[in-house]
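Residue numbering begins at 1 within each chain, and the chains themselves are lettered A, B and C in the order written.
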């Protein structure tokens, strides 16, 4: 235990005194989490609503696809993006390989299925009569979407929580697409990996503690929001 | 695009003709997945049953804790396990740091939340009268637990498959605890990360990716098949 | 055509609706006129809800046509309310209907007042009792002031007291000179209380229609008569069939028919007797209600009938 204590005592001052390296990683992580989750929600929520409400051909296939996106390993997503961004690849011209922008894109792509599939599930769980009654009163697609999202807000927030959680803890895709470059595009999670690799356990501990704190604050805050909306529901994984 | 085709064409023979390195990685992955999931079941099922069937003070808090543990970042779990396994530390005497055995430990810890948190959910989906009726007929605690397990087997199976899928995709803990040593303790997912460090190895990464994708698809297919045959897991996306 | 009471607001000719290959609505003709309240009565699975769906335009008619003059609103069978305040629920519906924002609040409160639930305006719709829910659901449908109002079993799922109270309030509230109202009911008592006109639907077809009392006095055939509550049958020696209801069978020591009590079922205020008639040219089984003291099983009694229906 003395080993752990030793490393812990080295780690704490790094946090308390605001080590600049640590702060820059925190800032980047917050940016990635914020931007990726926001993008995933902006694109994924309309998709989820359409999947949840719509009656169009191919809807079941799309739902299956969204659920498959949940089960897809982040490493594979990272691999595909890597091949797309590589200079000789189809999107090579965008010069996204090994950049911060690439990390944003990768995390947004990873978070998207969470928002789309889970919010669709939440909306499909609404009592059918309510939406039918709204349609009968003449509610148009926009009004129906607003009603659905509002009624399913607990599940929708759970979807955003799940997306945020994955953004904070994901490592595989970031390593591949961003390259985990020191002082440039490391998130808390990937930096922890880096420091362990370099046998700087105290640094890794410090990063780990901050990551836990960040997760508790962000996810806890969202859960409180969810409770005010009427109840708590955490991430669940509908895998079919 | 031609660049991608080239890489793909280089990857195909690696899969078809069986490259020793790749098969080795696949075998390691299967062992890790099987052993960790089995251990997680042995340790976690009793806990999950107790949580799902019991009525004791603090049950809700424990359930919340179990749900929260699903959101635990694998990076942190890996870090934690490694710090315990390092020689100067508590379990250092076991000398399993940076070995496959250490990876087993870490992956078991990561699979555990799936069993402990999702089993109660499956149990709660059972018709409430069923277990009460059994108790009224004089069934003892073990008998009731076995009955519940049998009736909720589909939901529990779904939880197991979720655990397996995450074990296959997991990267951070494997890299930290095992050090991602080639031909020793690389899994399919962590091997992709390591191979992509070198442009010459892209075909290897692609081949490994295809195998990983196949395994995941097989898992999802199995889950879907089981759900179609049975009544369906309570948390799955209802396709209306 | 004058836009006054009696104007034809909705007409449906030979409407057919298929669900999963089955013909759920089979050639239905129906007319709704301004100012009237029509009750649609039928057993489960008769196709009533589907017909309403077709009338409001929610499902396409496979054969035949539906013509509407004016807007049609429907209150579906299940009173689903959004997880917001009662007032917000009604205002939402007004918004969907297209009513101007400035008018919504006043109309919502007015409609809620009609059913006595304006006091619940600020309450969340989530914790309402069954009766309160149904009232808000009805108020919402009335608030939009449609030309044709369709109500699908508005009293379903309520306990006896709540149902009676709501039924009494509805008798006055559902009638409006500017509107045609069609109410699907499950229960004859509700139909009688509310409607000018009754339409009986069985297995997707309209089998009878007309003012309730006329229909009761002269049902077109045996199936409709049974559905309308004629539970007793007497076969005459001359080949005639007499259908009776409990109200038509009276125990009378000097009566023309002899019967034996087969079964006795206790009621709150008396008993229901199952009587087997034989002799005097008539045989069959009828039911009667008698106050206590009443004859017991196996007893021989005499009875007479009043106002039963003869089916030629």
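Simple rule for what comes next: contacts are C-beta pairs under 8 Å (C-beta built on N, C-alpha and C of every residue); 3 or more make two chains touch, one makes a residue touch a chain.
Values in this document were obtained by computation on a predicted structure and should not be read as measured data.
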Most central chain, judged by mean C-alpha position against the global CA mean: A
Most distant chain from chain C, judged by the mean position of its C-alpha atoms: B
Distance from the mean Cα position of chain B to that of chain A, given in whole angstrom: 20
Chain B and chain C: spacing of chain centres that average the CA atoms, whole Å: 58
Inter-chain centre distance, chain A versus chain C - centres from mean C-alpha coordinates, in Å: 54
Contacts with two or more other chains, residues of chain C listed in rising order: none
Residues of chain A defined as touching chain C within the complex: 127, 129-130, 132-140, 143, 147, 150-151, 230
In the complex with chain B, residue positions of chain A that touch it: 1-4, 7, 60, 63, 67-68, 71-76, 78-79, 82-83, 86, 88-90, 117, 120-121, 124-125, 128, 165, 168-169, 171-172, 175-176, 189-190, 192-193, 196-197, 201, 204-205, 208, 211-212, 215, 219, 232, 234-240
Contact set on chain B toward chain A in their complex: 1, 3-4, 7, 64, 67-68, 70-76, 78-80, 82-84, 86, 88-90, 92, 118, 121, 158, 161-162, 165, 168-169, 171-172, 175-176, 179, 189-190, 192-193, 196, 199, 202, 205-206, 209, 212-213, 216, 219-220, 223-224, 227, 233, 235-240
For the chain C and chain A complex, residues of the former touching the latter: 56, 58, 73-84, 92-93, 95-98, 144
